Every structure is written in C-alpha cells, then in structure tokens.
Amino acid sequence: MAGILIYSDKDKLARELLTVAGLIADARGWEVKAACINNARQCQLLSAAGARVYQIENPAVLPADAANVAVALKEACGKLDCSIVLLSSDRRGRELAGRLAQVLGAGCLTDISAVKVEGEQIHCQRNALGGATVATQYIDGEKQVLAIVPRAFAPAPDRDGGSIDELQVEVPPSRIKLLEFQAKDSSSANIEEAPVLVVAGQGLNSQEDLAAVESLAQKLGGELACSKPLATDKKWLPEDRVIGLSGKKCQPDLAVLLGISGQVQFTVGIRDARVIVAVNSDENAYIHQMADYSMVADLHQIVKELNDALA
Amino acid sequence: MNVVVAMKQIPDLQQIRIRNRQPVLEDIPWTMGAIDKNALEAAVQIKEAQGGKVVLLSAGNEELEDTAKEALAAGADEALLIIDDKLDEMGSAEIAKILAAAIQRIEKIDLIIFGEGSGDNYSGQVGSRVAEILGLPQVGYASAIEVQGESLRVSRSLEDGKELVEIGLPAVITVISGINEPRIASVTQILKAGKKPKEILDLSDLALDLGEICPVKTESNLAPESDRKRVAVKSVDELVAALKGENLIGR
Amino acid sequence: MDFNLSKEQSLIQQMAREFAEKSIAPAAKQIDEESKIPEEILAGMAELDLFGIPFPEEYGGADGGYDGYVLAMEQIAKVSGGVAMTMAAHTLGLGAISAFGTEEQKKKYMIPGCKAKHIVSFAFTEPGTGSDPKQITTTAVKQGDFYILNGTKRFISNANYPGAMVVFARETESGEVTAFILDKWAEGYSISEPWEKIGMHGGQLLDVYMKDVKVPADNLLGKIGQGFPILLLGIALGKIGTSTAALGGTLAALEEASKYAREKTHRGQPIAKFQAIQLKIADLAIKYETARWLCYRLGCLANDIKDPGKFAAEAALVKAYCGDNVVDAARIAVDVHGSYGLMRDYTIERVYRDAIIGPEIEGVADMQKLIVASSILRSKG
C-alpha cells in the first residue's frame, strides 16, 4: 500500500498538514505517515493526532540545509513507500519543496491554499499571475510534492491510532554551517507589516477605551492603528499609526475597523486588506459596503465581547 | 567571482486586465521579474567588490532578447539565452533542467543567484531544483550575502527569525526582495545593453534529458469572483466563527 | 508607420518613471512648498544621464535622442513641474551649444553640463521684451580679446546654478543680435531674488544683471549677427521640453482625476459611475493622447532637423497646443475633485498651478500660433 508523507519543521504547520493529508489519504484508502526530524516533541504531537510517526534522529540533518533534509525525506519515502509528500509552504518548506521534488523526480506545487481530490487527480488552488488569478492545478503523475500555505487548513484534532517508530536515514555531511539563529523580536510597531490591524476611528468614545482595543489587537496577533482624526485632532495615538491618504497604506490579512465611517481618504489605505471586518453603529456608513463581515453595533460592546471570546 | 543570475521573463503584471474573470494576456509586454532584479543587483554588488563577471541566464520565448536588455542595462556583463517558443508551456521541472544544462556550458561558475520566486507564478522551485541537479548546496531567502574567501556568509530571513549560515562555493542562493534596492539603469546603460555579448541557444543546442517529470497541469485560472463578501454579521459568536473559517483566528 | 516604442525607448520611459515615483514624487510636495529641489534629486538625475539625454557621448551625453528626452521628461514632469522646468531650461541651453558651438566650446561646456556638474541657462527675455527678440537691449562691446556685456535679463531659469549661460546681446560694432556663452558667476554677474511664481516651484527663475561682464571672444556662439537664427532654433528645441513638461502635467491630471473618481463615493457609489464624470475622464484621455503623440513626434523630428524654419513652426504648433491643453486638462481634473481639488492635500492642486505656466513659458501661446500661421501662409503664398 502506497502512502502519503508529511513533513514540516514547525509543529503547528505539521498538524495542519495532517488535515490535508487526511483528505487525500481518505480518498485513496491510504494511511498518513509523518516524518519528524530531530524533534521528539513533534513526534508526540503528531502521534496524538493519529499519525504514524517516523522519528528521524540524525544531527547531520539540519533544517537549515534543504539539500540534506531532501535526502533524508527521499530515503523515508523509499522506506515507507510514499509517493506523495506534503510540506508547509513557509519559507523553509518552499525551499525544500523544489529540492525534494528534484531528488524524487516528482512534480511539485507550492503555495497551495485549497485541495480537492478529483478521482486520480489532486486539484490544488494557488495564486497565479501575481495574485490576479487563482489557478486550479494538479500534478499528472504518481510522485508529487505539495506545499501547503500556513493557516489554510485547521490543525488536525487529537485522534487515536497514532504510533511512533524510529527511522534510520543516511545523509552526507552538511555543506551548510549554522552560525546563529535570532528569533524575531515583536516589540516594535509596524502597522505596514502587521498581519492583523485593529483600527479605531472617531466612533471611539474616549482615550481610555483604547486599552480594550489594544488588547483585542494583541489577541488577534496584530497591531493597533487609527483613522487620521484620532491622531491629528484628538492626539490619542501617534501619527505613525494612521491609515490612509496622508497615513500609511497597509495590506494586512485581517483589518478590523471600529467606528470608522469609510471616507475615501481613509479607505485608500486599507482596501488591499485580505479580509475586512467593520463595526459601525450607523447602518448607512459606507464602510459596511467595503467589508467582508460587517456589524451594525456599538463598537465598545463588540470589543468587550470579542476580548472575552478570544480570552 | 563569476556569478550567474537567472531571470524569468514574465508578462508585465500591472498591465494584465481581467475580462469575464479571465486574464487577458494578449499584447501584454514581457518584462524582467521583480525579485530577479534583486538577484541581479546582489550579483552585481558581489562582482563590484570581488571582480569577475555577471552572466545573465534566461530561458523564454522570442521576446527574450529584448527583455534581457533590462538585465544587461542593470549590470549583467553578458547573457546566455535559451530562446524557444515551446518554453512558454514548460513547468518549473523542465525549466530547471534546461537552466542547469545551460549552466554546465559556462566555465568556472562560483555562484548562482535566483529570486526567491518568480513574479508571476511565485512557485520558488527552480532555484532548488537547479541546485539539486548540479549537486550544489543552497541557501534560500537570503537577506544579505557576504563573501569570505571560498565561502559565503548568508543571512536568511525566515518567518520566525533570522539565520546566519556559512556555505561553501560554488553554491546556489535565492534572495528576497528586501536584500537590496536594485539600481536604476541610466540612459547610457540602457542604450548599451543591446551591444553586450550574448549567446543564444535553442533547445536542440542543449544535451537535454528531460527524464522523469511529473508535469503540472492547469485546470483553470480565473480571477477571484468578488472583492468583498459583505456579509452582515449579527453577533460576536458569528463573527468569531467567520474569522475562524478564514483561518484568521485560532492560529 | 509604427507607433510602438522600441525596447530601449520603453526602458528609458520606465527608468524615468521609476526614478520619478521613487525619488521625486515623495519630495514633490516639499519641493513645491520650499521652492527648492533637494541636491540628491539633481544628483540622482545626473547619474541616470537625465541632464544629457539627446547629446552625443563624446560631449558627455547619452546619445538617447530627443525621442528619449521626451519619454523621460514626460515622466519627470508628471510628478514635479519644478524639476521638469529645471531639466527643460538646461537642455535648451545645451541644445543651442550643441547645434552652434565650436568643438572647444562643446568640450568645455557640454561635458560638465551633460553630467549636471553645471546646470545651464538660456537667456533672451528682458524686462522690455519677451516675445520680440528684436527689441533686445543687452549690449556686447568688443574690447581686445573680450566682449563686455551689460544689461538685464528677466525670468531666466537656472540662473542661480553655476554653469554656462547662452545669452543674447546686441553686438555694438555690427548692431546685430549675437549669442555668447557666459560663465554664470563671472565677475559682474549677479542675480535677483528668485521670482515667486504661481507654480513649477523648485524651478528657479531669476533676473540676471550683467555689469561689465568680460566674456572671452572665443565664447562667441556662432557668428556675429547669427543671434536670431540661434534663438529661433534654440527656442524651437526648447519647446520640446516645455511642451513635454505640459504633457507630463496632462498625464498627472488624467491619473489624479481617474484615481479620485474611483475612490470618491456619493451615496454609496464611486463618482466614476456618473456619466458627467465619465465624460470628463474621456476628455482628459483625449487631451493626453493628442498631446502625447504630438510631443513624441516632435522629439523624433528633432533628431534630424533639415529645415530649421520648418521645425520651428512644428515646435510652435506643438507648444501652442500642449501649453493650453495642460491648463484645460488640469482644470477638468480639479472639477472632478470639486473643492477638495483646491486643497494642498491633493496633488491636483499643485498640478493645476504648474499647468498655468505652460502657455506662457517660452513664448506665449498666441505668439506660437503666429509662427504657425506665418509658416503656412508663407509656404502657400
């Protein structure tokens, strides 16, 4: 019986890959296998989610060295009889994808945001033409390397049936020397780069209410931003947090707009956000028309409820 | 130090219009991919510091000779071009084999630089595949490259941090757009680009074994349907569920 | 007939657009407010050869032709009328030296000019005369190996920068209008405070006072009494720059209006949905396209001028059209913005003020039309 193998150096993304692998494996009556490299914690996490985990312990296989990871996974595919490998489409995963596909003689798709099994084919959706279009593509052949966009699928829930076995792989000495790794420091505010923006407008009652909005921003993993009057007229926030014509143009994954009417001078700065949520007490406020999700409600109440819901 | 920079010729994305959800590609001019400009700039900076030359490598349709002028104006010393209209239909796997075969014709190459992904498809496979075919070590997503004798110190920028690695030469590096600000070519450089040395090959000039390839097939390629969903949400619970559905919370 | 740009031409256009957007546009408001172009911008332009596009390489130029010049100028002018004016006046001065200078003069003045170590001026207007160069009162008196220049020149672009100035004076011995190359800041050369004009801020406009300025006889441009033909061709070449500066303004008007029409909403829909706005956008597109092809063609014609008189008439026609055209275009674009368009926060406010210069600079529109008419009536006559 052939199989599908998943690998990511990141625990959370590996659990997401299990979800996708499940879709494919179910359709084919395969089982899902997972390779964990030098990561005992991930072995536990994945086996708890029902995967057959193969633990590779070999200090020569460094995540920083895509070439060696590819060799290790190729061996794993051979030993485990897997023809499809799922990787995460983060930077490490994307770099690995091409190398692994080449070692395996496989076809490869990266940046996959949706997957649908259609008979023999695995239809994958990905952005094309720089995001102008979404293409549905599949690999015509048995050997496939598919790299899945982070957060496109929910992480697999806990499930029985998992196991952990050791797997020996031989790799050549690494030609990459890791000198230093510096984890990102998250203290400085940069609203242009934040994945999530919670944006306060003149609907906010008082400066004191900002604290709750800021806390919401933190819970959503983002930054606090504002419309211009909040900074220039009321001076509740510094001007480097202003979005719009005279402020910054941002394209976060998520923008939560609170008490903002949606004047064009503001919206030019946020219209490229992937998902827009608007909360405004006026049902005729224009901002509702440019939102994916809109609520006609008092923002203070909503902020409070959201803070509770996300606690 | 001899550096090869790979460039993909892509349609000018800013000029693509959507009609009935279909991208209209007729009459769109071809241009050099955006991140490839950063790759070229990185190569030119290395050459300026270390000596040697920068060879532009590209495979594409007959417009390529013109498109290559962009890179030659911006600092490449010579070009090796594989021109064949069949290339437009080929995927990353095939292109990687073609580029690798072409690189093997160039004498004494120390470094091969790619952009992290092409401007149109952004698949990011070709650099890794070429490295594997040529049996070279690779470092992806470089945000700085420093030459130290026979090896490089490369800073790479990852989602969760920055990594500093050392890699021996020859090697393959892919760069992110933040690595540098590509220079703008002057009028003189633009006008001289066409006069720089170039070698033009077609597919039959390369001893190619496309071998085992599982090709990528495209079912459809359409613009996303509507911009904003405009869903009226009645409660916070509903909103939270919707955001979970978008994978925006609980990650 | 083929209206396509070559790859090189479109790269020149792209290069200028990129530089304009990255390096000039962010400073455009500041240039307008402070009436000063930051050094880095001039240096950046120099590095890209933007101060010597049409001139031969041996004199420091880029050999890009006036077609290349037009393509670059359009993009620069789109983001800043003041920078465009500086570039246009400079290229006008160099154009005259290139057409009429001796080998030595070209080597001496064009190389630093093309490299923008010098910013060149061209001075014919006087307090008493603008449209009628025959009224020139500045004098040049021969004295040994020198000419001694006395007089006042009005509205001289770039007179504050060091470099060459092509100046027109009446040579007293012959009584004829004659051109000289003068080193700005030679002894006896001084300038007024910059004029505070309505637009094209940053483009420096000053009066020049010449008091016993000694110009070596070698700096005679062309021959004694040749001033008029030099002026005619020089200005005709200059009109390529001023027309294209107007073209850039027209493009800015079109782009600003279209952008605003899509952004501004009225009762929930963008004003672009209203036919009244659509008609204005179409008018702007027509104005832009007509001016564009006139300017591009004029640039191509200038690369190979066979009959200066005929070229001067062509240039006058293009200038007359583009100068008025940009004012109309900017006005329409302001209308699309409504009152917002009159506020400093909106780019169109500056574009409008810059545009107003268009018809007056380098010979008012009516004078251009007289040149056009006389060339037609003469040749048919």
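Per-chain numbering from 1; labels A, B and C assigned in written order.
As a convention for this text, a residue touches a chain if its C-beta (ideal position, glycine included) is under 8 Å from a C-beta of that chain, and two chains touch if they have at least 3 such contacts.
Here the structure is a predicted model, which means the values were calculated and not measured.
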A-C or B-C - the one linked by more C-beta pairs in contact: B-C
Chain whose averaged C-alpha position falls nearest the assembly-wide average: B
Distance from subunit B to subunit A - Cα centre to Cα centre, in angstrom: 23
Averaged-CA centre spacing for the pair subunit C and subunit B, given as whole angstrom: 40
Centre-of-Cα separation between subunit C and subunit A, whole angstrom: 53
Residue numbers of subunit A (touch at least two other chains): 289
Subunit B - residues contacting subunit C, complex: 29, 66-67, 69-70, 73, 184-188, 190-191, 193-194
Residue ranges of subunit A in contact with subunit B within the complex: 10, 12, 64-67, 70, 90-92, 94-99, 101-103, 105-111, 123, 127-130, 132-144, 150-154, 175-184, 196, 220-221, 253-254, 275-277, 288-296, 302, 305-306, 309-310
Subunit B partner contacts - residues on subunit C that touch it in the complex: 7-8, 10-12, 15, 18-19, 22, 47-50, 53, 57, 62-64, 68, 72
Touching residues (chain side subunit C, partner subunit A) in the complex: 263-265, 268, 345
Residue ranges of subunit A in contact with subunit C within the complex: 245-246, 264, 267-268, 286, 289
